[in-house]
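Each structure below is given as structure tokens.
What follows is subunit A paired twice: with subunit B in the first complex and subunit C in the second.
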Partner chain A sequence: MKQTRAVEPWMMEPLERFVTEADARLTLIMTPSGQVLAQHGFTRAVDIMAAAALGAAIVSSTREIASAIGENGFRALNHQGVRHGVFLSETDTPRGRLLALVVYGSESSVGLVQLFFEDLARELNEACPQEIPQKAVISANFERELNESLASLFGR
Partner chain B sequence: MTQAIKQALDRVTRISGVRGALVVTGDDGLIVADAVMENIRGDAVAALAASFAGRMSRACYATGVGVPHFVQLQAANGTLLVMPAADVVIVVVADKDVNVGLVRLEMLHAAELVP
Partner chain C sequence: MPLVNFTTREITCKIVYYGPGRSGKTTNLQYIYGRVPETRRGRMVSLATRTDRTLFFDFLPLELGQISGFTTRFQLYTVPGQVYYNATRKLVLQGADGVVFVADSQARQLDENIESLQNLQENLLEQAVDVRGVPVVLQYNKQDLPSDLILTPDEMDDALNFRDAPSFPADALNGAGVFETLKGVSELVLKKLSEETPT
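For the complex of A and B:
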């Protein structure tokens, strides 16, 4: 079963290369509001939604801390556990800012993830199509688009 | 302590043919101290060399030969020397024809300074 999936097809190749080179176990690429655009390694929708919401919230709250101490933001955040680490970072693309949440194990390291995240950010920026016109958000469309996104992310 | 390690790395880089020397955390692949030429990406060398050292250690363990003390990787255009020391890894990037014995002595000296 394919482990990497994307709502936006242009993200597939950079993401696949990143997870291979950085040896990442799980990766999410999402908007700052937590809308998932691509993922690697997740098998359940409920996990992905929780990880995306929590990741976006962590980035948002640390940005507030950064602004309180006079910084524009943090380049990256790393939460180090005993068996796993969680790396959070963001990058700007022509489609707007993207967040990445990466879970790695002892086969990788924060140094490797950080190193290859720089490549991922550059490749996403290069592969990203130019801005598309914003559509009006209608609740019926929203639910349909949400279901389509989930179908893309889990191959259903 | 950091100052002493930096001085030890400076001694390594004074050897002819050495392009850079780094002390890197073994688990994280992050730089503790470095003295590298401008055209060398220290963060990339640190992350990849720490990963390499970890994999070499696992390979040595699997083959039953014990913990690696010193790794010399001869490449087409240079040499990578790696020495695990406690929780860190000492890494040297050098030319192909560098005096490896002399570099190793200075790496051992740097390793003694790591707590």
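For the complex of A and C:
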């Protein structure tokens, strides 16, 4: 599995540059509801989704606390462990707000991550297209495939 | 709207299990977790209190398989049912592509079911989402309890299902109706996705 992947190609370059410069081990870029748009370093899709769900929950609950005490929000959150640190922040783009979750180790630091996150936020904002053309996704007769998928999922 | 990755041909849908406290939302996810092969699911994350009541949410990622050439994944969430956790309920509800309303079939829980259903509508409206535009199915859980304690599926329909949404009787603890409910909401979510995009 490729180390860096993005749902929308315009995110790839800024993310790859950020990962290299900040020396991040894992990075997720996601929507406020926890949908992953780009990632670096994770291997299993289902693990990515759990990390994104938890990251989005932390950011959104912290935003509610900020609002309760009359703050507009917090610029970033950082949790420092013995071997890893976790950095969470958000940025606005023409397509809406994006959240980032970054895991870094002893080869990096919160200062370095924060510094290059500002570059990442600016580059995403510049690279973001205003609109993505709609394409066909699934055909109307998806029921048979859905039934088969669910049946195999539940061993029926 | 579900997240669609055209490059890697992946669809990710967020489904939220909503309902009053102790109606069986977490039990639905636990049953699914126990039945699905490890290769098709991720870790189940539960942010719960020390007495196992959901504090923030439960989360279970599932790999559904290939649908119309897209690898389709579902993210299943539950909300905390207790009334005073409304702030966290709203956060979990953000961006939901489909909702399973898990109602407690016990007759004495009817008011709690109605209150929770109203709360769902209010919380969606607060996010500028009209409940009529969101795929919703109802599950009438605990149908295994003695018949003098519970309402029948028809009675539950009369009391709660005024939009005529698909509804499923269930005994989530033993798995009855869990699969059918997930199938029901999956169909609605994917049907909506197929209608929203040009074919």
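In this text, the second predicted complex is superposed on the first by the 129 of 156 C-alpha atoms of A that agree within 3 Å, B and C clash if a C-alpha of one lies under 4 Å from a C-alpha of the other, contacts with A are read in each partner's own complex, and residues count from 1 in each chain.
One rule holds for everything that comes next: a residue touches a chain if its C-beta (ideal position, glycine included) is under 8 Å from a C-beta of that chain, and two chains touch if they have at least 3 such contacts.
A quick note: this is a predicted structure, and the numbers were derived from the prediction, not measured.
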{"item": "First (subunit B), second (subunit C), both or neither touched by A:S60", "value": "second"}
{"item": "Touching partner for A:R5 - first (subunit B), second (subunit C), both, neither", "value": "second"}
{"item": "Dominant contact partner of subunit A by residue count, subunit C or subunit B", "value": "C"}
{"item": "First, second, both or neither for A:S108, with subunit B first and subunit C second", "value": "first"}
{"item": "Which of subunit B and subunit C A:H40 touches, first, second, both or neither", "value": "neither"}
{"item": "Set intersection of subunit A contacts, subunit C complex versus subunit B complex", "value": "none"}
{"item": "Residues on subunit A engaged by subunit B in the complex (per definition of touch)", "value": "80, 106, 108-112, 114-115"}
{"item": "For the subunit B and subunit A complex, residues of the former touching the latter", "value": "24-25, 27-30, 43-44, 46-48, 50-51, 54"}
{"item": "Residues of subunit A defined as touching subunit C within the complex", "value": "5-9, 31-37, 44-47, 49-50, 53-54, 57, 60-61, 64, 134-140, 142-143, 145-150, 152-156"}
{"item": "Residue ranges of subunit C touching subunit A (in the complex, touch as defined)", "value": "3-8, 10-12, 14, 35-37, 40-43, 45, 47, 56-57, 59, 61-68, 70, 72-73, 75, 77, 87-88, 91-92, 94-96, 179, 182-183, 186-187, 190-191, 193-195, 197-199"}
